[in-house]
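Both complexes shown next keep chain A, but they swap its partner, so chain B is in the first and chain C is in the second.
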Partner chain A sequence: MTITPVAETATGATQPPSVLRRLGRLMLSEYFVLVLCVAYVLAIAPFVPEILSWEVASNILSDMMPLLVVAIGQTFVLIIAGIDLSVTAIVSMSAVVGASVMTGTGGYLGDTAFAVPGAVLAMLFTGLVIGAINGFSVIRLNMPSFIVTLATRMFFAGAAVWYVTFHSTSSSIANLPESFAEFATGHLFGIPLTVIAAGLIAVVAHVVLSRTRFGRAVYAVGANPRAARVSGIPVERTILFCFLISGVCASVAATIYVSRMQTGSPIVGENILLDVIGAVVIGGTSLFGGKGKIVWTVFGVLFLLLLDTSMKLLGASLFAIYIIKGGVILLAALVDVARNRWLVGR
Partner chain B sequence: MALNRRDFTLASLAAIAASSGLTLAVKAQGTKTIAVLFDGLYSEFWVAGIQIIRDELKKRGYEIMEAISDQDDNKQFEQVRAAIARKVDGIIIVQTDSNAVIPAIKAANAANIPMVHFNRPPAQSDAFSVAIQADNQKIAREAVDYACTVAQKSGKKHQAAILIGDLGDPNAIQRRDGFQEAVDKYPDAIEVVAKIPTEWNADTAFAGLTNALQANPDISFLFTSSDFLLPQIQQALKTADKWHKVGEDGHVILTGFDGFPDAYALMKDGYMDACGVQNLFFETQLAIQAILDLGEGKKVEKLLLDPGFAITQANMNEKASEMWGYVLWKEKNPG
Partner chain C sequence: MSTLLEVSGLTKSFFGVTVLHGVDFVVRPGEALGLVGENGSGKSTSMNILGGVHRPEAGTMRLDGQAYAPQNPKDAISAGIAFIHQELNLFPNLSVEENLFVDAFPRWNGLPFIDRRAIRAQTEAVLHEVDLDIRPSTPVARLSQGERQLVEIAKALSRKARLIIFDEPTTSLTRPEVDRLFGIIAKLKARGIGIIYISHALEDVLAVCDSIAVLRDGHLAGAGPASEMPIGRMISLMVGRSIDTIYPDRQTAPGKQVVLAVEALSQPGVAEKISLEVRAGEIVGLAGLMGSGRSELARMIFGLDRFASGTIRVNGQPLDDPTPEKAIEAGIAFLTEDRRGEGLLMDFTIAENTVIASLDSVAGPLGILDNKRIASVSREMGRSMHLSTDKVEETRVKHLSGGNQQKVVIGKWLRREPTLFILDEPTRGIDVGAKQEVYRIINALTARGSGVLLISSEIEELIGLSDRILTISRGEIVAEFNNRPFDREAIMAAATGQRAWEGASA
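Let's look at the complex of A and B:
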């Protein structure tokens, strides 16, 4: 059996390109992770045929949405060569604040027509405030984003648990309006509402990054902040906006989680940090800043979810899933380092 | 034979489809599957519980789909949906939060897959599932009542502390209430000076108890809502020079809950006065029978109670053999 691909050489003769060159080209391709997704599904399908079913595909899509929204915000921060470790605490804090506003058991706006819109606004505001604290700490106090967001993560994760003690006799806030739960379960023209919301955020983020002056500033700040400043780019403002975007995205994810679980829990989202950063890095956004795309993040989240779902279907233990995911993320980070060195070498 | 890329791709896809179909066909003829979804294996109670369930299901010819959510309600919801997608025949679940599990129950109801909660009931809702639960309040009350009589006999008033579990877990609330009911009957002998939240976290419990002992150095009566905190309690009491046997000066009247092997060992060695015991063997049997009955379309009550019992220094010899912790302790310490 022979497979006969054809390639033109400089001399005009037809000659198959080398496997290494093909592999290199594939790895540098924008769609490398998407190809990996397809290859992975084909490889795993004989062991878990359910992965090809509509039901599982639909599960993957809805599981993707909250993670994707947080990862989109994280993409902005990673492109400016920062990191936002506080996204998990933003999710938790927004979740309990929102739930405390709309719960029918003593909520601030419980049982009123303003319960749901008020809660959503409160959640977004929470994300915005924590994002602002992160951003101002980085630009005004010159603190590394790693330390700032680690500190806010700890602070707000604790604050979320503490906040619940004032609003519920249990460790979570329940009895949320049915209309809010419909956000996670409802459809518009057959498309889940969460998919529409996350899709809109992804499109807007893509346009902002690729078609606006702010987007160009984000890449410039990430690639070389000094050069960006000399070129007249408002570096501080750009950094601040990136953290604000990350905060708001995390709070939007909180609305999806709360709506899905119909509960405001202070530990919701506590374990997603590895998945968020992992998905962005697997997608190809550079940890060194200056490089990244929303579509890559979409592919990264998809790949991680495929991995996660297939492992669940296989009945793999949580520890095995952690090991495999950790290995894949490490590999993606190594590829990023190798690519970076190769580009510097050129 | 020459094969172009298109033919190769088509042939590969056909082969995968065929093998997938074959796997499905084999599964269709195969054994029934029960999903066993725990939120963590944080103590010997859960490790022993999942092992007994595994052994029992295998003995009955069932295949098991197992998953741990690491106290992540959203992840557990995804695991439930994965189990539904695999078309399992039943789900035995231990959730973290009694409210957050309700969407998972509704999803199982919609897929017509029976769900049984092992040891932790969900919050009230219109969704249907069966919960197996120890009669926590009664067991805690009986165990603490014995400890209160010991305190009363000492002729002095004791300052008491309670280590409370995660308040999202109804078990924790009921144990706390059982403790309160018992101590309320002995106002002359017991004064509660510290209610220490643990969130079912050993580090939190250790820090909380250490602080409470510093703030109230006269604490001489302690109830823990779970035996898995005993190593931390022992450490904190030793540090405060309060780790003494029953009858010795400075002994802290200690009551546990669950019936761990460690609890039996401490009772045998005379450091612990009483322990509320959940009958783990009975609870696992109830869970498995419930899931099988539901699968066969039989009617099962929404709540199945394990009456449990209190083991004390007074009845230890006669009750020990009913304690799961004693059985495990005996396996490790034969002779």
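Let's look at the complex of A and C:
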């Protein structure tokens, strides 16, 4: 029987320098990224004290919500050792479909009582359909998810722009019901509605992954699909469900974006792909599958937004921000590899 | 007559277990030595020592009278020793000539460019020697298994090999290809090259070899000229040891109820109208070589592999288009031969593995798992399996020994109280103590009324445990042995005998 290196260093008499040991233990901890967030804020605060202001904090929180919801869906797909590159296209497609349903200028349900609920259902359905296309292509046609979702990403990103040309003379669909805007601006007990919605999704996703049969199946399929199959886990159904979850999460994010911008734009989600996958990876979810947690993803998204916001406050150019984010994500991927190596003994 | 290779007193142990006890053998130039023995008898270890992969603890080797002590595989190659393995070591995406020179491309006038012309000429010469009429630029991917093997031999010749070791060379060859190979081996012998020929296909060994050495449990059980080694003698030397008392006595007799009925199961190239029955409380042994269809049969019954026609009934209920989910639902459990790849989730804990095939029994409404129950049933499983640790929630199965891992696999299936348990190589790679425990568990299983289909490469194990033994060869059930005591030589002959050339393997 092997003893874990962590236990060894904790109990052994001769030990490596304690700083290294602590650092090692911290890197293996659940809350590593949260600690990193706090450390980062403390380190950057002298230069941009605004980051500690209520206004900036609430901005970060509201920026975080749509990204978090998409990242939660992505977490499911990454755990089964897949990847969903189509999330941004799902956001865009859902946005324009939803807007076309509820717009006052020629919307399918425009100016009726069903405009908003109908639009929301249409958006979720769009996410479900694209997720189903992804899932079925992966399980039935045995295509790698990278290629499948790269293809659906291009297809629906284009289709969203094309779709708008049938419903609007401009490049996006405007004139949406006033009541829909309240989703982005409204509060319940002083908490923004979007935060409540995203928080609810995060809690449900966390429980599903950590405490249910389905969650166990997700990890098993990601860790070793062959062993999962022999144990009677419905491998294909599990993969399909993960893509459906990712699709629906992306369309929920679309409702937030559309509500906030009060327009259905086909390019709304274009730039978030890097942030979504980067955030999940920064959180610690493994690209090799079988490992990942919703809590990690929450911390990952938070860290990425802290980075983003502080850089903007510092006046860094967009390109500089990209460079730094890219570097941090690369570092996170490296940490993932290092963790895997250190965890060999665990 | 001179000797090419003289091995004497070769001894080697792994982790305190001695696997070679002073083995001696001799290979003369222009002669073929057949090396036979059951799995684990020490054949591969001695060949690994010869090839410089392992170093012996005692014993000497002399090559052409010179002391030979390879430190790594490179030493063996430069000493003129070549291996033709069961799985060929060629790059299918490269051409024949590139494969031949891949580790030492001749340079063009000393510059770092490959001298294509030199390669081509040398390749043509060696291909001619092995009677292979193909262009040197042919990609290896386009060659048949037999042709690829000849390319391997050509590669050995191009490196001026003096001793060529064949390890199960006929496994994936058709009969004409086998004949062609034997012709080439005869040519090699005529050139004075020494051969070591390792195979389970004893007829082939007799056809090729001049002398034969039989290994058993790391000892040289017997050796002599091929003329004094008929197949029967080889088999009895191989299995010689009597059945030990490690097989526990069965307290219960098989019942009447048929728990598994397979009828005319066929899949082209894999299974030929296989029919068999397993009764409640009965252990049916399936003897056959690797590739005979024994594991494939199990995988088809469990729904892992497809089949073209035939029916499967479990407890009288038809199991149509089986999938693992349906098979498990019907009451089948399956211990696969690939414990690390399929039996367990190695990174998961003992507890997580214990319930992975029976999540429904530990889940409440909405599929929420009851972690306390998971922990308690896992600890209970660990106790009844005599697991080495009770830290079921903390210990990942990859940190368990092979025997303990296998107990977790069995324990996870026992939670489902299977009516039929298919065991494919249940004791592979586990020590004797754990083996005995596994046998005890199998016995307890039948006492409870489960049927067992037992697949094993160890004839001893099949004889020690089974109520009935079927032999499978080339996808067909070729013989059935119904009564104890079993005639192990007849079983071995049925599994390896007249059809040996099609499916023999390690």
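One rule holds in what follows: the second predicted complex is superposed on the first by the 326 of 346 C-alpha atoms of A that agree within 3 Å, B and C clash if a C-alpha of one lies under 4 Å from a C-alpha of the other, contacts with A are read in each partner's own complex, and residues count from 1 in each chain.
We take it that a residue touches a chain if its C-beta (ideal position, glycine included) is under 8 Å from a C-beta of that chain, and two chains touch if they have at least 3 such contacts.
All figures in this text were calculated on a predicted structure; none of them were measured in a lab.
Considered on the superposed chain A, chain B and chain C are sterically compatible, since they fit side by side. More residues of chain A are in touch with B than with the other of chain B and chain C. Using the contact criterion defined above for the overlaid structures, shared-chain residue A:Arg229 touches chain C, although it does not reach chain B.
Taking Cα centres throughout, chain A sits at the apex of an angle toward chain B and chain C that amounts to 130 degrees, reported as a multiple of 10. Once the two complexes are laid over each other on the shared chain, residue contacts for A:Leu287 go to neither chain B nor chain C. Contact with neither chain B nor chain C is seen for A:Ile139 once the two complexes are overlaid on the shared chain.
When both complexes are overlaid on chain A, the residue A:Ala220 reaches chain C alone and has no touch with chain B. Remark: least CA distance from chain B to chain C after fitting both complexes onto chain A is 32 Å. Shared interface residues of chain A (contacting chain B in one complex, chain C in the other): 1-2. Listed in rising order, the residues of chain C touching chain A in the complex are 302, 304, 324-325, 327-329, 334, 336, 341-348, 352, 356-357, 359-360, 363, 366-369, 371, 388-389, 396, 399-401, 412.
Residue ranges on chain A touching chain B, taken from their complex, read 1-5, 42, 45-47, 49-50, 52-53, 55-56, 59, 63, 66, 161, 169-172, 174, 257, 260-263, 265, 267-271, 308-309, 312-313, 315, 317-319. Chain A contributes residues 1-2, 207, 211-214, 216-217, 219-220, 223-224, 226-234, 290, 346 to its touches with chain C in the complex. For chain B in complex with chain A, the touching residues are 1-5, 8, 12-13, 16, 19-21, 23-24, 64-75, 77-79, 81-82, 84-86, 96-100, 102-103, 123, 166-169, 173, 199.
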